[in-house]
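Each chain carries a letter (A, B and C) given by its place in the written order, and its residues are counted from 1.
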Amino acid sequence: MQKRPELIALFTDFGVGSHYLGQLKARLIAERVTQPVIDLCSDAPAFNPRASAYLLESFLPYMPPASLFVSVVDPGVGSDRRALLVKDDRFWFLGPDNGLLARVVARRKAVEIQTVELPEVTARSRTFDGRDFFAPAAALVCQGRPVPGQPVFRDSLVGADWPEELAEVIYLDSYGNAVTGLSGRGLSDDLCLRAGGRTLPHAETFSSVSPGTLFWYVNANGLVEIAASRANAAKQLGLTIGTSVAWGD
Amino acid sequence: MQKRPELIALFTDFGVGSHYLGQLKARLIAERVTQPVIDLCSDAPAFNPRASAYLLESFLPYMPPASLFVSVVDPGVGSDRRALLVKDDRFWFLGPDNGLLARVVARRKAVEIQTVELPEVTARSRTFDGRDFFAPAAALVCQGRPVPGQPVFRDSLVGADWPEELAEVIYLDSYGNAVTGLSGRGLSDDLCLRAGGRTLPHAETFSSVSPGTLFWYVNANGLVEIAASRANAAKQLGLTIGTSVAWGD
Amino acid sequence: MQKRPELIALFTDFGVGSHYLGQLKARLIAERVTQPVIDLCSDAPAFNPRASAYLLESFLPYMPPASLFVSVVDPGVGSDRRALLVKDDRFWFLGPDNGLLARVVARRKAVEIQTVELPEVTARSRTFDGRDFFAPAAALVCQGRPVPGQPVFRDSLVGADWPEELAEVIYLDSYGNAVTGLSGRGLSDDLCLRAGGRTLPHAETFSSVSPGTLFWYVNANGLVEIAASRANAAKQLGLTIGTSVAWGD
């Protein structure tokens, strides 16, 4: 395993424009972190660690080794929910124990999991753990220093019992494409997907259908996605985060 | 005092996605600036230096020493409004003299203030001072070179007479939380805040109330903020930038 | 000519917040690219290489030498449209052959143009060439290594026959300003611009008219732009990408 991260990837529901990402980054700089920091995803489903967990999982195959994911979708901030550090031979993950890391733990076989306990950070009235807690924790990891905490059993994690796949919309992108939590592996092109009252055929890619046509395809991160060529599928079908989808005619 | 900035923090109303931030950063690179640049806030209240001034002030305690703030909320760009450089033992600030820097000047006791005069930049038909004026000025500061200009008296700044606090909404974030210009220091938890026709109780943090509940709390930057647990408070209350708030029953 | 780029500028319709920009950047880091990367524009007109081409062209005079533009507005991704590398004594450009680079080729006199052929990248089911194709191609350019491909004649490019100017709205920014594809060079201030059923006078800059006033001006990138002082011109006039404009009374 790499001793230290070579990249920090921020996975959050902070949105863009506001000061949340900026203050988190300023804190990393204040802590003398020198690794490059990228905004991997800043509009993960807000307040929704479950949908976010499946989205985060789908990104793993395309991330460089020695990436540290700072993952903050955290409606329970300020409560006594645990904070976690997960590591294996390829990645590190920091995040709240609310299910957000459940899918990456399930996917990665041999992981070490521990709580993160930073006594100098006051527990009360914390509403911005991204800046005040996870950023200094990330700095410890980046500097190869020990992170205080206790070992955690894999089965004790929130979300440890979640299914392999989620037959729901878990993300809407700016084009109006709707990502589902369904794996795209080994699917027949003959399958049809039902969503928003419609039955959608498969297409290989956007340019293989005429403009406006609705279809499903396996997206660039391996998940089943509902899209339209040069049009907004989510709007046409009335899809939102959590909308159910199903295979069938 | 540090001789040179170690970090450039951009505080603007440029929005995200468009080329404004990108062109400003390209200009910094063209000027051989090597300090890290972060987007501290890119959706400061548009055309509104007054609300923006209180927001910027609230960020100071959480920024690393030796930060240079390039601050551009500048509806008067192209007019003869002055450009300012403010510095003290901790920070540098560049921005227009339209009130945007008034609150940081008020908060920081011993500051040096000067105009910024870059004769090579044509005054007429300037509409993008962020790129064409403040970026080269920032490069001078970053390189420890003198910045041409005249000393300015603190009391002559636009906004020098603005109050310590603003009983208004000064910012809406992507979750729908509404930040006010009221300081959170020394407030009793028994206080109620009136906003949007409703009277809101205090809560410590998001997870201490049930989903949907409206409340006020002291946000992570020390300001009074109106929020709802896992819901959009601004939409529910009809709050916009400038909406008045008041303590009371 | 510089041997290697000193800056990577991303020009895309990916939007912000989503994982598209982040995954592209992660891939650049995985490929050991060390040049700084900036988001030059992330909300280029979606699915619209033609409008995007004129916007990209307008940015060139303000970019540092030795910039590499990674340009992805690519509704035909996955089809057999060619991928291009364009270079001259100042810039490199990577992008699809769908017109997106047509205007920069027209503007730059002596350019070399070639296809980009990366055999190891599978052609089928590619839907994210930004990450999977253009990022590794950019890495080759950044490392000064040869990029596999064939020479391309300038006249064979999609968009080679497009006009010098476009009397249409090609971009809407977050303030509601509407950029047109009309050059601002040599225009009389007496001209009026017709757009959205209104006839708009010229103004030098935002601060030279009263709040709310609609006007046209030559924007900071040399294009004719429709704006209102401290207000949203596009909304007031009902302008969208593609809306025609014309000089006249």
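By definition in this document, a contact is a pair of C-beta atoms (placed from the backbone, for glycine too) under 8 Å apart; a residue touches a chain by one contact, two chains touch by 3 or more.
Note that the structure is a prediction, hence the values are computed from the model and not measured.
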Pairwise touch network: line, ring, star, complete, or other: complete
Interface composition of copies chain B and chain C: same or different, split at half: different
Cα-centroid distance, chain B relative to chain C, in whole angstrom: 30
Residues of chain B engaged with two or more neighbouring chains: 15-16
Of chain C, residues touching chain A in the complex: 14-23, 25-27, 29-30, 46-47, 75-79, 81, 124-128, 131-132
Complex contacts: residues of chain B adjacent to chain A: 6-7, 9, 15-16, 36, 38-43, 55, 59, 62-64, 67, 173-175, 204-208, 217-221, 229-230
